[in-house]
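Dropping the structures in below, format is structure tokens.
Heads up, the next two complexes both have chain A, just with different partners, chain B and then chain C.
Here is the complex of A and B:
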């Protein structure tokens, strides 16, 4: 077939691209003006996501459907573009190309039909109307293409089964041998393609550009670290969409509402009104409103407030477990937007659930979440010969390998104090030179930060950083994953770059290096609960498992949702201090799942998880309630 | 001699502390052995019939100032109003119960009238020699401070609510309520209320209760909960609970004790079927006497208990209630 484009065709093509270009430019005027120049993109991630569909394929069926549709568009498009340049290639590669073309079309057909059937069969509140038009357009494109090819084969009467275009042959069985019909199909095909191109910025197909872009510009550095609002310049979180960063707006553009965030969100699953997908959709809708109202730099007062569409019940239901971020195939982060909304509620309006106020007040006054005060912070270590930095007159005693950062729970909560003592026992058994900060330690600031009180977080963090510097701390081991996350991922932004590891990481190393040996059995069947702040936040999945496997005589039974898919205990993001009066209790949902493993010991590595799960299994009122223990406790018990 | 007490009222009801102030006022009169009277001064909207009830507690008359702009506490307006009546009448002293509102008000009035002011007072006396003496805690209650004040112009004394005594009506006479004319100078105000943001409905009862009967998971969802309420009724206590009870919907959130609930400091707390997780005990550590009833002798709650009873709370409660009823 000769490449024949009339000048009229060229005009129509130009028009389609012009419409697309204008639409994209208009949409992106929204966020682009805030985009800092010269930020590095992630080519590797982009290629993996676009070409190999990494992340999208986590759900195989729909992922393959999309993969088929994607390559089914890209390959023929490339071939057609190349075919416009008149050249001759030998028959064999031409046939192969034809076969690839034909198979790509089949992939598109199958993928699109699957996606369509899936859409129609599902009682979804979101999506169908938006996604139906592009899907039908794609179907028109592929079917008209095949019919044109089939008609051509009928006209040429090649006879027999052609290996170079098996699917085209199938269509030739139904396509009439009429040149007029073929021309009609070619025209239809051509127009539908142009229509799809022109429609990209205005329909759901926007994601074909926005989502790869979002993957390309995905957050660099530790993804678990929250961004710092510029408090000095009066930023107090997100009041309207205008307070969001350009990347946060791009996030909203990139969302296709696939719902994987909702499917993994503990709040959504347990019947809370929060839906990460809705949060993102709300932001996109408000962005669109801003656009119709005029330029975004217009009068801020007239903008719709985020809280109008994301209610208090929604934003305070988030446990900050990061499942939504983990499972988003195109690197969208609903979490940081929820935190930004909380920040505005707390710092901009002083609106905070009343039950969390005593905790924040305690943090302000006493520097710990329990309101006990620094003077009592090292009480758990009393008479146990645990060196305290700053207390010892002997400078040699201060020369230690590692600082054990105990955290508020480990220092004050009776259950977690046991874990602190267990850790001290392990470190001593291994001959590690360690010390604690004692009364000079204060809260890492995580509870304040997750509840939106950024100013309080910074104050506490600075207090700790000053102490770290004063005592020339080089390495820190934390008991609590929340401390780990703030110290390791969030303090660097405040100018404190230290080696920070979690207790489980360190203990795993000690076991591996044979510096401690676990001698005594503690349970027959252990199961593990992954702490979000350890797992998803810091990718520490293996150490707790290695520890449990090192315990003599214990079998490790995994829960149904584990590791990246792990289900939150319900205590993160400040939820530990909030009431849970809507839907089921998250900790009970999790406890039920854990109980299904019929383990007699539940290992966890986070003080919040410990308390939440302990309460959760108790409320199940089982005949024999499994014990909940920190893996550090388990190790200490097994040491004998 | 004219002893003034400041009437704390909310939603057309006089608050308990105001009646308690009459006890202090009567004491002052008695100690001086002087004939005199107690005058109540009420600012803002409150109905006359309500103010008249102060007479039952020995208040002879009530001066009531209400004008536009006094619907809600506004420091400048209220201070102007109070200063006006104080300067017109020249009382011997002005007693108030310490609240956030009176603290603000008293400081304004004292500054403008150049009178002595004692906040957080535990005791106040007027001597026959014409001196005024007061005691108040300092250093977080570890030390006490004796104060001698100028008795004139009239000192203002803010009593800590905790030291005020309960009282009951002693007579039937109604207090004479006279409305005092007052013109607010609304234009001169340095502060203006822009918006009123209502606080979440906080039920303060539990924090103020002397006796609390607290129920935990061990009580169960069944009928036993009625017994908890019956026990509270029998001994005149308030009902509190741990989180599971609240989650089950047996009580409203205002009744939760603990880290995410109320921090209570009653004279007596009876813990029924509570294991004593830190999240709960953090909220009741300051209770003076602690009784715990639970079937498991190893629960942590017993570590806090002055009296621990190991037994089935479902069996003990009916017996306990019937015994208390017998004693009545």
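Here is the complex of A and C:
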């Protein structure tokens, strides 16, 4: 900590930074290949995430430990760098600075020891061995620093308790008053710091560089958006790591395997082999293999295949609920990688779980998931005086404010048809001029996209977009959150910018504007299940709650996991059409949790959730099975 | 070995939602254009044989205009090598004007000439088509080519020992038969196996593939069967959302009060059988179902 550095010291410092730089540069070369030009960064998010540890602090104990370690490294580092300039500082601020540094060191010590103890206690094989080296280095740094400071204080024999460095004083009690010992400690401290710096790209400390970078380059636009493969140029998803985009590679580098994704993943919790953390770790390991193979070449024949390490059971277990993305403190998205792997399976290799094949075939031929056909699409509206844009020759009927996009479930599933009728009734009661597309509507394409058939998704989307343009649709209200997400966030990629709202948003507005009044009680105690595609994807948490509160005489009881932490019903991501053979059924897990609230009515806002939860609560065989209803149904019931 | 799979493009009409009797209550959106599913099953059997044995070429053979082009190209993309088309220039709509379709006699003649010119070792076709359901073409084709014929097969294998094919067919009520058949042969295929999924690369190749025309040599056999009338089924009575009798009484009443527009008018007739008969007659007369009181006179 002397202001003067010898030339040898400088040489060593330079060496350390050179090693670090080389390591990072090699990584960077790998990412850069797929990096698009002119990508925007996000300073605000970076600051919040790095300085205030937003996200990391979601787990208080570990978060605080990490916070201590982080500031315990950054503050002394800054102080030492400043000290090299040899400013003359008056006594009082110098004392304060010393105190801050001392406390920062203590924070680092406490944080590191806590993190170390946590690791030693773990049975897991994943974390400890890998992360031990940097943590021990950190411990050596902080202890040697304190010992050096303590030795100095012993030599100087200041006497009494020094307020400027309380922890240094503690160490002075055990440190011998020998200048040689002090010099040794300073050397050790110095060496350990340089080792740590040099080790950044090669150990798990690389997260100190990669994670902030990843937060900085956080994906802009719609949440958890999938990648858009250039199908025309023969891109069919991710076969090897080389098919991933640079951001996806950065994602993998930024992962420290903290496991928050696993803790929230419905597939992991219900005993499926999928672990989002393992997916990301696999990608990182394969990246490492690619890097050690030397200059990455274009052919990719020798590259390890992603499917070797991420099995079919894993990649098809994902419900695309976005919980992993939501809970990652450093903005890693396992979701888009899983979908990319599915794409390669479906479009590249033409492999698809056999139970989902009929559904995709129905989508291809009939344009809906049930294979009933467009001619029957408006049957739910029969004799109900609901204007259809498609068939009516009457130009007045075509002049409407809003298009009700019913979706396949709302049009064909008997349970969800009720919801469609309820919505029509509400819109009529509120006097809104609306229409449906009728037989001209086709599936929004969400099931195809989540199952990896991007080509089919685009075909269906284009069919819909043509119809929207043909009828000059300005505003769309959807009944299904999956349609909402697709129409609102994914159609703009295909050149269709429209105002799209979910039915709950619209109904909340109608209630607020007093265009409809809820008069009749429907249940005493309502609980809500958050649909992933409504909540996490589109941040619509409040409207369903507002609606439930507006129902007279009903108390709203929240489930244990709600809103951002909401647990999936198990029906998303194409899982609705896949068998659930391994582990528990996700919908039953969720149903048990909901049943614990002892509500007599379960509200949800998604046709998939409705069906899955209905199955779930029925399979519990409770004495009094709670009713599952769409929030829209509840409103229509309360309208009278 | 050259396998020819006959693929018929059909318009599959699954609904009748129209209002005009002239079109038999059929509207554009009431049907989809697709390849006959039996033919798709035949293609899958051919592709499985191709997977197992070297030197197998699978060609699709279709007749008439490309009404289900997308679906046919999808079939091509699943693994067929060629696509041949007979009489591509005829313009007709096989669903609305069914008389335009050639009869099985004529069809089998054209297919047989094509199969001969393409030197097929094995001809597979669907057991029947979804739109006509004659189920004759396979047998007639075998007759014209003078080859053995097995109908409604569900599996197809090549026996290494004698070079013959082993086909499996269902003889009904769960009875299965394994039949050894000499090559060359003609089989018609029943539903059973699903056509595989094509990869995107193959799809893109199939999109660009120009169908290869098969020239007609000489006049084809004149039709021997002529369909004189074709009766479309009456449109099914429309689904009227009536109160669900399984529901609770309260829910049923609520359903009637809200939304549902079902109205059952009428009165219950009581009294002696004679008075009830008079009541029915009065009802029929007032509503114009009976013209006058002539029966009384």
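Please note the rule applied: the second predicted complex is superposed on the first by the 636 of 640 C-alpha atoms of A that agree within 3 Å, B and C clash if a C-alpha of one lies under 4 Å from a C-alpha of the other, contacts with A are read in each partner's own complex, and residues count from 1 in each chain.
In the analysis below, contacts are C-beta pairs under 8 Å (C-beta built on N, C-alpha and C of every residue); 3 or more make two chains touch, one makes a residue touch a chain.
Computed from a predicted structure; not experimentally measured.
**Student:** Given the superposition on chain A, are chain B and chain C in a clash or a fit?
**Tutor:** With chain A as the common anchor, chain B and chain C collide in the superposed model.
**Student:** Considering only the touch criterion stated at the top, classify A:581 as touching first (chain B), second (chain C), both, or neither.
**Tutor:** A:581: touches chain B, not chain C.
**Student:** Quick one: classify A:519 as touching chain B (first), chain C (second), both or neither.
**Tutor:** neither
**Student:** Go through the superposed model and pick first if A:376 touches only chain B, second if only chain C, both, or neither.
**Tutor:** A:376 contacts chain C only, not chain B.
**Student:** Which of the two partners, first being chain B and second being chain C, lies in contact with A:619: first, second, both, or neither?
**Tutor:** It touches chain B, and chain C stays clear.
**Student:** Kindly classify A:549 by the partners it touches after superposition: chain B alone (first), chain C alone (second), both, or neither?
**Tutor:** neither
**Student:** In the superposed model, which partner reaches more residues of chain A, chain B or chain C?
**Tutor:** C
**Student:** On the A-aligned overlay, A:455 touches which partner chain: chain B = first, chain C = second, or both, or neither?
**Tutor:** second
**Student:** Looking at the overlay, does A:415 come into contact with chain B only (first), chain C only (second), both, or neither?
**Tutor:** After superposing on A, A:415 lies in contact with chain B but is clear of chain C.
**Student:** For A:348, using the defined touch cut-off, is the partner it touches chain B, chain C, both, or neither? Pick first, second, both or neither.
**Tutor:** The second partner, chain C, only.
**Student:** Once the two structures are superposed, pull the chain A residues common to the chain B and chain C interfaces.
**Tutor:** 358
**Student:** For a test of understanding, state which residues of chain C touch chain A in their complex under the given definition.
**Tutor:** Listed in rising order, the residues of chain C that touch chain A are 14-15, 17, 27, 29-30, 32, 34, 71, 74, 194, 196-204, 238-241, 254, 258-262.
**Student:** In the complex formed with chain A, which residues of chain B make contact?
**Tutor:** Of all residues in chain B, those touching chain A are 199-200, 202, 217, 243-244, 246-247, 253, 256, 259-261, 263, 275, 277-279, 282, 300.
**Student:** Using the touch rule from the top, collect the residues of chain A that touch chain C in their complex.
**Tutor:** 231, 234, 236, 346-352, 357-358, 360-361, 364-366, 373-376, 379, 382-385, 421, 424-425, 439-440, 455, 636-637, 639-640
**Student:** Spell out the residues on chain A that touch chain B in their complex, using ranges where they run on.
**Tutor:** Of all residues in chain A, those touching chain B are 354-356, 358-359, 370-371, 413-415, 577-581, 585, 611, 614-615, 618-619.
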